[in-house]
Every structure is written in structure tokens, then in C-alpha cells.
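Some structures to go through are shown next.
The same chain A turns up in both complexes below, where it pairs with chain B and then with chain C.
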Partner chain A sequence: KEEKQRLRKEKKQQKKNKEKNDEKTSHEEQPAGSASQPPAQPSPKAVPVPASEAPAPADKPAKSKADLKAERRARQEAERASKGKKGDVGQPAPTGKLKAPPSELQPVVKRLPEHVQVDNPEVVKKLAKKLERQQIPLRSDYGYKVSLFSHLHQYSRKAPLTQQLGIPSTVIHPAIVRLGLQYSQGIVAGSNARSVALLHAFQQVIRDYTTPPNEELSRDLVNKLKPYISFLNQCRPLSASMGNAIKYIKKEISNIPSQCKEEEAKIKLLNCIERYINEKIVLAAKAIAKYSIEKISDGDVILFPPNCSFNVTISTSISSSLVNHILCEAFEKKRKFRVIVVDSRPRLEGREALRRLVQKGISCTYVLISAVSYILPEVSKVFLGAHALLANGYVMSRVGTSQIALVAKAFNVPVLVCCETYKFCERVQTDSFVSNELDDPDDLIVTRKGKTQLEHWQKVPSLGLLNLVYDVTPPDFVDLVITDLGMIPCTSVPVVLRVKNVDQ
Partner chain B sequence: MELQAVLMAAGGGSRMPDLTYNTPKPMLPVGNKPLMWHPLNLLERVGFEEVIVITTKEVQKMMSTDPKMKDVKMKLDVVCIQEDGDMGTADALRHIQQKIKTDVLVVSCDLITDVALHEVVDLFRAHNATLAMLMSKAHDFTETVPGQKGKKKTGEQRDFVGVDQSGKRLLFMANEADLEDGLSIRKSIMRKHPRMHIKTGLVDAHLYCLKKAVVDFLADNKSISSIRGELLPYLVRKQFSKTTNCPKSKDDADDQTQKTADGSTNSTELLICSRDEPLLQLAQERSCWNDHRGDMSEAYHGGKLRCYVHIMDQGLCYRVNTLAAYIEANRLASKLLEEPAVHPSAVISERCQMGPDSIIGAQCQVADKTSIKRSTIGNSTTVKEKVKVTNSIIMHGVTIEEGCNIHGCVICSNAVIGRGADLKYCLVGNGQQIEAEAERTNEVIVGTDQLMEI
Partner chain C sequence: MRRRHNHPDVVPNHFHRQHTHTQTPSCPVSPLISSRFYTTTMPAPDKEIDLTERIEAFLSDLKRGGSGTGPLRGSAEMARETTALLRRIAAQARWSNAGDLMEIIRTEGRRMTAAQPSETTVGNMIRRVLKIIREEYARSRGSSEETDQQESLHKLLTSGGLSEENFRQHFAALKANVIEAINELLTELEGTTDNIKMQALEHIHSNEVIMTIGRSRTVEAFLKDAARKRKFHVIVAECAPFCQGHKMATSLSEAGIETTVITDAAIFAVMSRVNKVFNATGDLGNIQVEACELTCVGDLSGRLRSGFQVIIGTQTVLANGGLRAVNGTHTLALAAKHHSTPLIVCAPMFKLSPQFPNEEDTFHKFVSPHEVLPFTEGEILSKVNVHCPVFDYVPPELITLFISNIGGHAPSYIYRLMSELYHPEDHEL
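Let's look at the complex of A and B:
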């Protein structure tokens, strides 16, 4: 924060100095020659810049593109020259000196995303202004936030964002409004489902899109998508998989050549989206299932001994779509195993996972997470799904996952994480506090026998309800990560990311 | 575009003939604004910019001359239909099928409510529903209705509405008139929703969000003429019929053998199953959400046709189609309107006692020593001295001479009440004249042309 403030001050001073220099300098040669001047002058940085800028406003229309390019090149070279120079004399000295350190510090200072700075009023104000510009209503936080997590948003499900939108939504495409509602009400939950639904909505947006005159599809469509993404973010914070999908789409859109006709471009984009879903989600699931099925039989002592005919696996309820898929496939391949589903309040997503497994005919046991240490001695393998895999090998998943991994480690039970590669994310996190999601605290309120104990929790001043959604598991607790690229250890995640980036 | 609004303003007001024989129902004043202004105001406040209004030529003429209608900033696309033709609401929708390009929000002109419309529309959006409607708990009307002799009729046909445990999904809807010897519920419904709450004390607000596929379905099925009476029960029933639940491919050989009635169902379904379904299916498969629990089926039981209802328990919701409702609506109209109760152009003398709940229209003249409590007085009405008006509705252009005592009455436009008349719970028709010193209680005074010919 301090560095940011310092940078801001420097920029202000720079501007002041530039103005002063504008008055001082006489018209100099056009930038082509100024590249050689910086080393000679006592004020290397400040003067060439205002020099090129002083004549600039004067004869802007006369300038050609080549001149502007040359100017920019000269400016960059001047900056590079000033970086090496130290101890400048004269009035521009402070500018020069101050310029040197920030340019070294520039790569180090990173901007924090706004969704983890909710307790900083400036950031909140900036967000509000940005949303106002995009004509999206700001969703207000609800209830008392536990102090450790007061830097995160906390919304109430009873106050949907659509309350503040006009009913036939004109600013935001109806498919996106529907999607936002489904996110905030939890109808579409789980990172795979959210990504698929997001891409489906984008398909509809692209179908209904028409390029306005004098605009290029590649730039205008990306601008059109920005308010939609802000809206979805307000409804529910974006997941890592959604972020990657959005990056992919934006890249595809900007790569559309400008001479491409609108219809062709649209068809191309729709096909891209189909391909992405097919490759990264559907086929990846199949590949992961294939690898995991090997793992389910491997070390399967049970196949042979006559008395015990079951190999036991344990699965949790997070991101269960993939693990569900794997277990169903394994069952179809006639593997004999028994599943224990671990569930936790308040979401109780395990019930739906349980239903799907039982529907297939797999014999299951259902426990709550408080019984994990009791049931673990019976277990031979632990399968976990992941919401995202971070660049330092940590696994980000539903809250409770790291606990299960820890207990499994204590019992020496192997832990396998199944994750598609499109969920790999370049973020680095070592704890669950820095960046997380706070769900509606009212979900924790339960009514038993007609009595709701926590009904008036807001009135008790020292009581805060915390409904965390995610937590991170260190790589020491994870034995193997099964991805569509194969079975890799947790620490190979940055390698995969690097390879992916090179590909793109 | 997401939703198109359609206002049904061609109804005749058959349940209040005394009020509507001269003024068509959509133009009856409620709180000094025409009745149809209220739903239009609701739509405007929520953010609609265009409304298709289905009405008769007479109403259209009156609309163009009424100053209050000019307040409506939305674009009104007026479609006229024949008044005498037996056109039901569904027939009217079929009539404008060409104009309907997206999902439709149908509102009746006699709805006065302050509901948060996003609650209904959110149900429609979030669950990708075919129908979303609004209902409200019925309030008993407490005011005495003029001209009503004896106790209130309890023979009103009740509506039975069945909702699921969450109170949002509509499972069953039938009117008492259609049930001969009892309420029968299909086993398929009970299997899927073992807990159903059946309510009878609900008022249907006649506000429906319908998918475009339904309007196209109506175009093919000319036998359905009323939305409320026929289309809704049909849709609610079809949620659980076998054909909607079997997974279908687009060309099923079995379809050809079915009758045309069922064939139309298939066309609805085919229309509902849009080309985007595979991705939505995938998303739903991967999502760990289910709308019910306890049985083995997926979300929504795999049904593609879903009907939802939002039941208001607080707030105003009135359908002004009976005299009692009309009076009640007028009483509460002042709460809904944001304008000052007394119109600035009204001339009110200083020695007049006016209660806070009264509404005085434009260009009224109220003389001294009058007392006006809990009443609505229309435009250009003249009230002379020493008049006591309580609990009454006085429409436009009425002249009330001195010394009158008017209690609990409804006096229609252009009536003249003679001097010293004493009226209690009367309904004075349009243009009628009450002679001086008359004493009437609980009477309906209308012109002779309104009386039935034998």
C-alpha cells in the first residue's frame, strides 16, 4: 500500500515537472534525433518527453503514425537510459531519481484483486464507480462479518441482484441474468457446472450479438462481455475454472481477423466454445476416469482374498461431479468397491452425490465429516475433487477437504485428487484466509422441532456466523493428482501451467 | 429482449354492471386515475418501455382523451378487438401472436398491487419455467357494499391451488366448478411430491409470465379461449403427464399415432426443447443441486414443463372486478399513489373539514362547512355547503347540492344529488338525478334503460 502511495506521489510530481519543462524547452528536433540526446543532457528523462509532447499538441493532425511510433521508441529508450543514470543534477533531478527506483520496483508491486479488499473503502468506492459506469447495480454486504474475514464479500441470498435491475433487462443479456440468478440461488453449483453454464450463456450472447457500425467485432464483443462478467461476479464470485474459460474466450475473440465477416466470426466462436467444453471438460473427464480406474484396482488386495470382497474407497462431496463420474464408470467396468460419502453442513451436497451413486447400484455409506476419524480405518483410498489447483501445488477445494486429507495422512491412507487441467490456476496461496468466499450466513440457521435458535443472531453483538466455502490443502497431504494429462504429483502443477502458457 | 408486456383491457366488467354500463371497466376511476393506469404504472416503475394493450375501440378513444393516461411514458401499442365478440384472454393472445417475439408477461387491467415484480420474474428465469404467476392471500372486504341485500354470497366458486413444500412450485389447480364429486389428485403427482399444500383462500392476480412456446402452442390450439380457465389448468396438468417426462428424440414414430390434441403437446415440448438443451443438460448433470430430496430422480424429476407461483402474504393485491373490490381499492388507492391527496387545482374553501384519507380531484369546488372523510372525489365535482361526505366514492362531474348527507355511497359520473338528500349505502348510476330531500338507504339507483326488459 505504501509503495502504491509512493508511486502515486511520484507520478504527480512527474506531471508537475513535465509542465515546468514544457515552458522551459524550446522546440527541439523531432524524436528521431532525440534518442541520442538523452545521455548528453543533464535532464535525460524529463526533457525529451516534454519535448516530444510540447510540439505534439501543437501539430497533432499533422503527425503521422510513424512519427508517433518513433516518439514512443525514443521515450522508451530515454527511460532505459535514465534507469542506468544516477544522481542527476538540476531541477528534474528529483524526477530522475524517483524514476529510477520505481522502475526497478515496478515488477515487484502487484495489484491486489478487489474482492479481497472489501474493508478498504477506497477500493470499494472504485468498484462502485466501475459498476456504475457499466450500469450494474452494486450488491451490498449483509450481516456482521467475522473480523478475520472482513476483507471478503458476504451477500444474502434473499436480496438478489435482480431487485435493482429493471425487469426486461436491457443492459444485461437475459441469458446472463438467468445465469446470475442460478448462481446466486445455488441452482448451478460446482465448478464444472458453472463453467459449462457460463459458456452456454456466452454462446447465446454471441448468437444475439450484432456488430454496431464502425466497430470491430473483435474489440466490441470483448467490451460487451465486460459488464456481463462484472454482473456475474456480483452474483457470485467467479471460480478459477470460470476465469480460465473467460480468458480463453477473450483470447479467441481478439484473435478474430478484422476482415472476417460477422456471420463467419460468430460461427467460429461458437465452434470454439463447443470445442473447449468438449476437450477440457467432457473428454478430460473420460481420460481421468480411465486413469483412475487403473488406480481403483491397483493395490486392490481385495480382489483375491475370499472373505472380504470389497475394496473400499472414500469420496467427499466436493466437486463431486467428476468423482461421481469416475466411480460410475468404474462400477460399469465391473470393479467391486464400496463407497463412503462424507458430507458436511450447510450445503449437504453429499446427498445428491449419494443419490447418483445409489441410482447406479453402487453400495454406499453416508457419514458426516465429524465421523471421518471413526470411519477412516476401514478405508483404502481417498478420492477428492478440486475446485482449483494453485501454482504452488496447493489444492483449493470445498471447506473440509483439507481436514479429510489431514486425517487420511494420519492414518496413512492414500489421497488422490482428480482435477482437469483447465482448473489449474496461477494464483499462489498458502492459507485459506487470504482469498476465499463467504456464503450467506443465514444458511447456518436450522429449525428443529419448530424452534430456530439462531433466528435473531444479528441482535447478539458478539456473535458472528461464518459460512466459508473453500479451503486449501497443502501438497504434503496429497499423494497423486489425476489429470487428463496423466497422473502427476502435486508439485508438477507449475510445470503444467508453464507448458500450457507456451502452447498458447 | 427478455419479456414483452401485454395488458388485457378488453374485459367487460360483467360482475359490476351498475358501474360499467356507461364507463368501460378499464376506465373506471380508482383514486382518480383510470383503472388501467395502475398496472401500467407498475410496469413502468419496474422498467418496461413498451406495452401491448389489448382493448376495445371505445376504451381506446377514452384513453386518448384522458389526461391521466398521458402521464404514462411507455410506448403503448394498442390493439383493438371487437367488443361483442366472445374473445377470451387466450383468444386475444392468439390474435397478437405475430407481435410476440419473446416471452410474455400478461397483466390484467384490473390488477392493483405493489408486489415486487422481480419475485415472480425471478422464478420464471431461475428455473427456466414455462409459467410463473402471482397469487395473493385474499382479504375480506370490510366495507358495506351498496345495494347488497342480505349476507354476502358464499357461493363464490373457490379455487383449489396445490403447491409443493417450498411453496413455489405449482402442482395442482382446479376450480370448484370443474370438480364434480371431489378433489382427485393423480398418483404420479403424489409420487413425485409426497407433500402438497392445498390452499383455497388465494386470489389469482392474473399476472402471468409465459414462455413464447406457449403462445405458439395457443396458435395451434384454437380450442383454448381463456388463460385462467383453460390454459393454466392444462399447463399445470401437463407438468406430470407421461409424454412430457419421457426422453424424446425429435422424430418419434409414436407421435404420429397420437391424436391431434396430444400432437399439440408434442409440439409444445418440441418447442420447449430448444437446440441448446444438450449444454444445459450437461450443466445440470454436473451441478449438485436438486429441487427435492428423498427419491431417486434428478432435479425437477426430469420434467421440462414447470409451473411456478409466487404467493404474496404481505402487501396490496386487488383485482377490481366486483363492487366490493372496487370500493376497497379506492379506499387504499391513496396509499399507492405518490401524488398529493388534494389536487392543486381544486378550490377548497377554508371552512371545510377534510380527513387525511380523502382524495380530491382536479378542478373541484368544495364550499364551506363541508366535511369530507375517507372519500374520493373525482375531477370537476362541485360540492356545495353543509354537505357531509363520508366513506364514499364520487366520480367526475358530479354536483352535490347543499345540505346533503352521503354515507358509504358510490356516485357515478355526472350525477346530480338534490338538496338535502340523505343517501346511505347507495349506488347512483351515471347521469342520474336524485331529487331534493330524498332519503335512500341501500339502493341501486340506475336509469331505466339499464333495467332488464322482460
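Let's look at the complex of A and C:
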């Protein structure tokens, strides 16, 4: 009896909490609704709720299950109504909240990251509505899309999103507007560069932020960030590393206790971000360089497709992509090696890499990717950079990487991938179609000898141009992955992810 | 197999486009050049002068064709012109017996192949004609064809065989027979593309995704013929730096075929959706225009994995069944093998060459590295080695099928075809 009474009290408490939270959610969702709510919401809720919930499932399972189910349903409906989410139905995210305090590793159904479904009109409508609510212009697709990729966006570089924004934009911070433009024009490219730029822009946002009255910093700031993230997503789809960085920031913001004063909170956040950049990017690069240098021996000929472009320094010491950094370090350590830089149209990022290497004094050769099977017999090692490492061991990188790995395998040349751990992501995919990025198709047009063959490709109805940005390399082509945690095989990526989740 | 490569020596600055050779010092002077070559009287219809002039014009065309300043020609045209020229030599040159004629042709042939070594069709045609002469001679002598074949098998075991002096007999009808046979060869040459086209419907079905690389007229005709009755998609990989794939794509899409252009870097990425890879021996003699590799990605909403194909052309089919094709073809072939996609090569018989692939630099041809790293890049050019190879070697294990004007063959059968087309003594001109 006593137990029953206790249980009833707890359930009443739970219901009260849920109602309060539901009100808050519906209130919060009105200004800005986004799918990344659930990870933000559980954190403030998880603190008061698990205390009452943890004993409930343990005792009287029958009653609590029914109640929990009802609560779950109510919450799901509330979330679904306010979400406006595209295509991510059916993943019962609340189970994550109910199941465990985050320290326990219960098997949570992994939510698929934002699934792009451009060919589904309902999804597109929902997205348009959501963007309208956030007052962000919708970027329209450009040109004839190859039907295999009709589920992805294809934008033209000549029509940046910022043209549709008023000046000054009231919703979006100017640092973010600038960043979005830099992304969409390709000024900032490469996953490291983009993440660092993003974090710096967020630092600026935090500095300029003031908590409105009657609001908590932890919740309001997260909501402020949501339209920015949507905007950046519209300018250029977010990369895996950026996604991880954003998750980290949101977690940090939500973990700020409510008693904390605004100034203190801001300083704390700025330091967090600084530390993240330092640990995950700068120091990781040094660690990877240290490990890789062991692998470079005298007399090596190294093949190097420059995967991440080399952007302008963004007030950190990161001035080049990882592999470039490694090669320069190795050269300083007086290893004697030769580098072959493999480049591909239309981005031709290799030329910049070539310049940097030649400036250092490394002897280089330069070829295009179609000549790779000609040049490969001379090569002793292949170094690749990665954009992201997927949970099934596949390496997602610039288009052309898988081809080089394939040919290297055919010639029995070892392939080494260098990747920081913050780029590991939980997505899985086996081919390059499911989730990719389509770049401006006009980039493929070239004028040779005064003739441009593809100039009027838009007019020809059955002609399409495909400008892929990424591709996935299967793990059997890759011999070793060098990360800041050490040298691991490709298949150990989920292990690292698991360990990271435990740490967090 | 690793290859030792001496880097600094192979910087391919030799093949500069503007540089035209007017005379290679190593070329022997044609036996037809007599003192009359230096006269300036034009109207005299002197067959010999006419002939010599034509030969010289052809040679200079060959040389210039390789460097891109001359008229651009496909391999088929090249083959036809060579054969026409050889017919003219047979008709107009002075010879009394088969041995003389063969000697003349061989000498001319050596000069022609020296003018443009990468244009193997010329050498192939010469060898064909030599074989024709041998056959006609043998027929005139009265020995039947069966014994010839038996002799060829017999020859494998014994050395010697028909020696040179056997060709010294004079037959009056030989000239006419030889010219007739060469005419037959010419008709065959003209019909090659049509013969290959006719086989298109057997290999391409509806809703297929076909990938190709290299602008090849053979493959173009092949696909256009199939498109009359079937609907399919084509993916064309542009072949940097020449980007001839663009032209192929525009021409295919004008014929109403769904075409997509992709970059070479995306070949492996899209290969999983491709049904078949068709390759053809692109007209690579004039690499500036014709080494287009377009990978037209079929936009296939059906996404059928089975039956995807890669259809390519090639510059030469080598004696072991391997290919010498546009650079990038090896990557394409490896990707096709990885996805178990059939690789089909459309190659007319005149591209079959009795050469074997060797690792020497003679196999490769390089063009100006300006295509890869333009001079606008500035100072770094002096510190960097840049390569722009034109050809790729594709080993026969990666090839599924050869489609030629006489039907389809497996790569393992090529050696037998070769023995039918060429005489073993002619392999070395």
C-alpha cells in the first residue's frame, strides 16, 4: 500500500513535470522549431526526470509501463506537431530520454542525422515552412539534376543565399551571414577549415549575445543558434565535423547551470570552444603528424591527393590541410622523400597544395587523376585525408579518393588515411549516392581552344552534368587510419565512437 | 610490378605542339626517289613523282597529326588512307615480283611508322597488305590455302619455312590480284563501323546504364544505333585535360540519349550504378581533340544493378589481348572489375597490333604538360615535374569482351585472330 501510494505520488510528479516541459516545448517551438531539439531538450529534462523515473520502471513494471507509454505517446505527438521535421518520423527519440541517465550505455535507437529528401514534396514543404518560421530564405535548386541524385540539392554558386537577405538581417548575426557566404562561394572549404570558421563565428555570436529578460541563457542561446544553423545548412550542407562541433556546443550551452551569471557563462563558453579547437584540431594534427612521420621513411615516394582545400588562416595556426602539415613536418625532420600530387577537375585544389610544398622545398610531381595508373608503379605510399569516417568503416572523402585507393590496391601500394577523431560520425553508408553533395554543375564547363562544348547544356534536354563532391571508400582499400588516438584499422571506428560517448 | 622511372629525364617537354618536324634524319630515303624528284615540272603525269609526292605528303601529315597542327584524323580514316596509298604503290611502283613489292612496302612502312609511332593503325595496315601479297603469291603458285594453314602450325614447331627467295617468281596476274585484294580490304575498312553498329542491339537492352570514356566514333555510332530502338542512359567521363568527353556527350544527347557528364574523379563513385562499360579505341592519334572520355552517367531511376555495362574504345588492341587506351581507362577497368561490371571494347580489326606491351618508355606518349599545369602557374613550373601521359595499358584480365567488325571475341582469342591477319614474319617490319 505504502509502495502504491509512493508510486502514485511519483507518477503525479512525473506528470506535472511532463506538463511543464510540454508547455515549455510548445512555447519554445513557436519562435523556432528544429529537429535538433531532442538532443537539447533531454539535457535539461534529464536532470530532474531520471531521478523520479529511475525507480519507477524498477518497481511495479505493469502500471509504470502503461503510464510511461501514455506519456511517451503524448510527448511524441507534441514533438511531431511542433517539429516540422523532414522525413525523420518514426524514430522514438523519447525512448532515449526515458531509458537512462546518459552515463548508462543502453542501446538507444540511433537517430538518423538529417536526411535530405529533395524528391519528396512533403518533406520539401515542411522544410520551407520551417525556414519561413525562422525567417531564412530558401535556396532554390539549379539546373537539371541527374535523376540518380534527385534526392539531393544542387545549387548554383552564382545565386548565393545572401542575395535574398535584407541588410541588416535581424534574425541572423552578421558573422554568420559572412560565414554562410564564404561557404557557398567556396572561399572557406575543407572540413577542418569549415569547422574552425564555424566555431569562431559562434564565439563571436556568444560575445554579442545578451540574455533577454525572463529567459535562461542555456535555453535561449540554443534557440538562437538554430536559425543560424539552418541558414548555414542552406548555404552549404553541413559536414560531419561541423555537426559534431555543433553538438558539442549545444551540449555545453545546455549544461550551464541556471544560477550562473551571464558574464561568467559567456566566458566559460568561449573557453570551451577555444579548448575544443585546440584539443580536437590543433593538437590532434600534431599528434597525427607525429605518428605519420614514423611511417615516412627515407627514399619514399608519396602520393597525395589534396582532399581538403587549403584555406586562408583563420587566426589559428591551422594554415593547411592535415596531410600537407604532415609532409611539411616530415620534411623538417630531414626525411628524404618525394611527393606526387594528384589533382582533379573541376576544383583543382592540388595546385595550392603544390605551391605550399614547393615553397618548403619538397620535390614534387604533379599529375591529374586520370594519369594515376601511369604514375602509381613509382609510388611507395599513399596518404589520404578524410572528410569523415563512417561508423561502418567507410571513409568519406573528396571525390576521387576511392579511385586512388582502388588503383593503389591493384598495385599493392599501402594506403594510409589521416583523420582526427572529431570527424568520426555515426552515419553508415555503403555507396556514394545515399548522401552526398552536388556542387554547381557549371563548374564542369571548360573552354579549350576557344570552343566551349558544354556551354548550352541547359538547353539540351537529355544532357546532365554531375559535379559530385564526396565519395566513400570501402575499408578494404584502406590499410591504416592514423588518428590522434593512434593508428587503428578502419573497422575500429565504431569502437572509438563508443568510447567517446562514454567519455561524454 | 614496380617500374624504375628516371624522373628528370622524362620531363616531357619534347612534344611541344608548335614544333613540327619536317624531316627525321633517321628515315631512309625512299627507293622511289630518283633524281627526277628535284625537277619542278608539274604537269608531266609521271607516276613516280606523283607517288613519291603523295607518300611524302602522307608522311608529313602523320608527323604533324601527332603534334596537332595538321588535319585531325580518326584511326579509321588513317587506316583507309594508308591502304589507299599502299594500293597506289602496288599499282604505280615498279616491281617485277612479289619480293620486290614487299620490299618496297616494307621500306615505306618503316618510314611511316617512324613518323608517328603511336599511330599503330598505319603499321597494321601495312602488315595486312603484306599478308595479302603473300597469300596472292601463294595462290598464284598454286598451293592451296589449307597447306598454308598447316604450314603455319608446322612453322610453330620447325624453324625456317618459306624463305625469301620463294617470292622471286614472276606472275603476270599477281598485280591485278593484289590490287583486287587491297580493294576488298578497303571495302572491309569502310564497313567496319557499320558492322560494329549492327551488333549494338545484342548488347544493349532497355533501361541500362552504360558508362564510357574517351570520345570514340565507334562507340558513338554503336550507342546511337542502339538508341533507335532502346531507351537507356549513358554516363560519360570527361577525360581531363582534353575533355573530349564533352563533345561526345553533346553529340549523344543530340541523338536523344540521356547523357550525363561526370569528372574522372567520380568514376568509381558512380560505377556501382553502371550496367556496362563500353570502350572503344578512341582516335587517339590526335589526342588534343579525341581523347575525350566522357562518363555519361545513366540517370536511372530503376537503379538496376545487373546488366550495367562499361563500353569503351581503345587506341590499340595489343597482341596479348590488352589495350592501349586513353589515360584513365585503367582506372575505369579496375572500377568495373571491382563492381563486376562487364567491360566491352569496341575495336575494329585494323586496330589489332602484333605488339606486346613493354614497360619501356616507347609504350607511352606524352604531350605538353601545359595541358595539366598551365604556364600561368608561374615560378613553380621550374621546380615541379609534370606528366601528361596519353595512354594507359589495360591488362586483358580486366576486359570482358571485344566487339569487332567480325563479331565478338574474348580477349584470350586475340592471339588467334592475329595469326589470321598478319604473317609472323611481318611482325617486325
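Here is the rule we go by: the second predicted complex is superposed on the first by the 364 of 504 C-alpha atoms of A that agree within 3 Å, B and C clash if a C-alpha of one lies under 4 Å from a C-alpha of the other, contacts with A are read in each partner's own complex, and residues count from 1 in each chain.
Here is the rule we use: a contact is a pair of C-beta atoms (placed from the backbone, for glycine too) under 8 Å apart; a residue touches a chain by one contact, two chains touch by 3 or more.
Please read these numbers as outputs of a predicted model, since none were measured by experiment.
Engineer: Regarding the shared-chain residue A:Gly400, is it in contact with chain B (first), chain C (second), both, or neither?
Structural biologist: After superposing on A, A:Gly400 lies in contact with chain C but is clear of chain B.
Engineer: Between chain B and chain C, whom does A:Asp440 touch in the aligned arrangement: first, second, both, or neither?
Structural biologist: In the superposition, A:Asp440 contacts neither chain B nor chain C.
Engineer: Which partner, chain B or chain C, is in contact with more residues of chain A?
Structural biologist: Result: the larger residue contact count on chain A belongs to C.
Engineer: Applying the document's definition of touch, where does A:Ser432 land relative to chain B and chain C: first, second, both, or neither?
Structural biologist: After superposing on A, A:Ser432 lies in contact with chain C but is clear of chain B.
Engineer: Have a look at where A:Glu329 lands relative to chain B and chain C in the superposition and call it first, second, both or neither.
Structural biologist: neither
Engineer: After lining up the shared chain so the two structures overlap, which partner does A:Asp479 touch, if you call chain B first and chain C second: first, second, both or neither?
Structural biologist: Neither partner.
Engineer: Would you check which partner chain A:Ala197 touches, where first means chain B only, second means chain C only, and both and neither mean what they say?
Structural biologist: In the superposition, A:Ala197 contacts chain B only.
Engineer: Looking at A:Ser321 after the superposition, I want to know if it touches chain B, chain C, both of them or none. Which is it: first, second, both, neither?
Structural biologist: Touch status of A:Ser321: first partner only.
Engineer: Would you sort A:Glu420 into first (chain B), second (chain C), both or neither based on which partner it touches?
Structural biologist: A:Glu420: touches no partner chain.
Engineer: Applying the touch criterion given at the start, work out whether A:Gln185 contacts chain B, chain C, both or neither, answering first, second, both or neither.
Structural biologist: In the superposed model, A:Gln185 contacts chain B only, not chain C.
Engineer: Which chain A residues lie in the overlap of the chain B contact set and the chain C contact set?
Structural biologist: 351, 355, 358
Engineer: Considering the complex alone, what residue numbers of chain B touch chain A?
Structural biologist: Counting only chain B, the residues touching chain A are 1-5, 46-49, 105, 116-118, 121-122, 125-128, 276, 279-280, 282-290, 293, 296.
Engineer: Which residues of chain C touch chain A in their complex?
Structural biologist: 1-3, 5, 7, 238-243, 246-247, 249-250, 253-254, 256-270, 272-273, 288, 293, 297, 299-301, 303, 326-328, 330-331, 334-335, 338, 364, 372-373, 377, 380, 383-389, 392
Engineer: Touching chain B in the complex: which residues of chain A?
Structural biologist: Listed in rising order, the residues of chain A that touch chain B are 160, 162-163, 165-170, 174, 177-178, 181-182, 185-190, 192-194, 196-197, 199-200, 203-204, 277, 281-282, 317, 320-321, 349, 351-353, 355, 358-359.
Engineer: In their shared complex, at which residues does chain A touch chain C?
Structural biologist: Against chain C, the touching part of chain A is residues 146-148, 344-346, 351, 354-355, 358, 363-375, 377-378, 398-400, 402-403, 406-407, 410-411, 431-433, 444, 446, 448-449, 453-454, 457, 460-468, 471-472.
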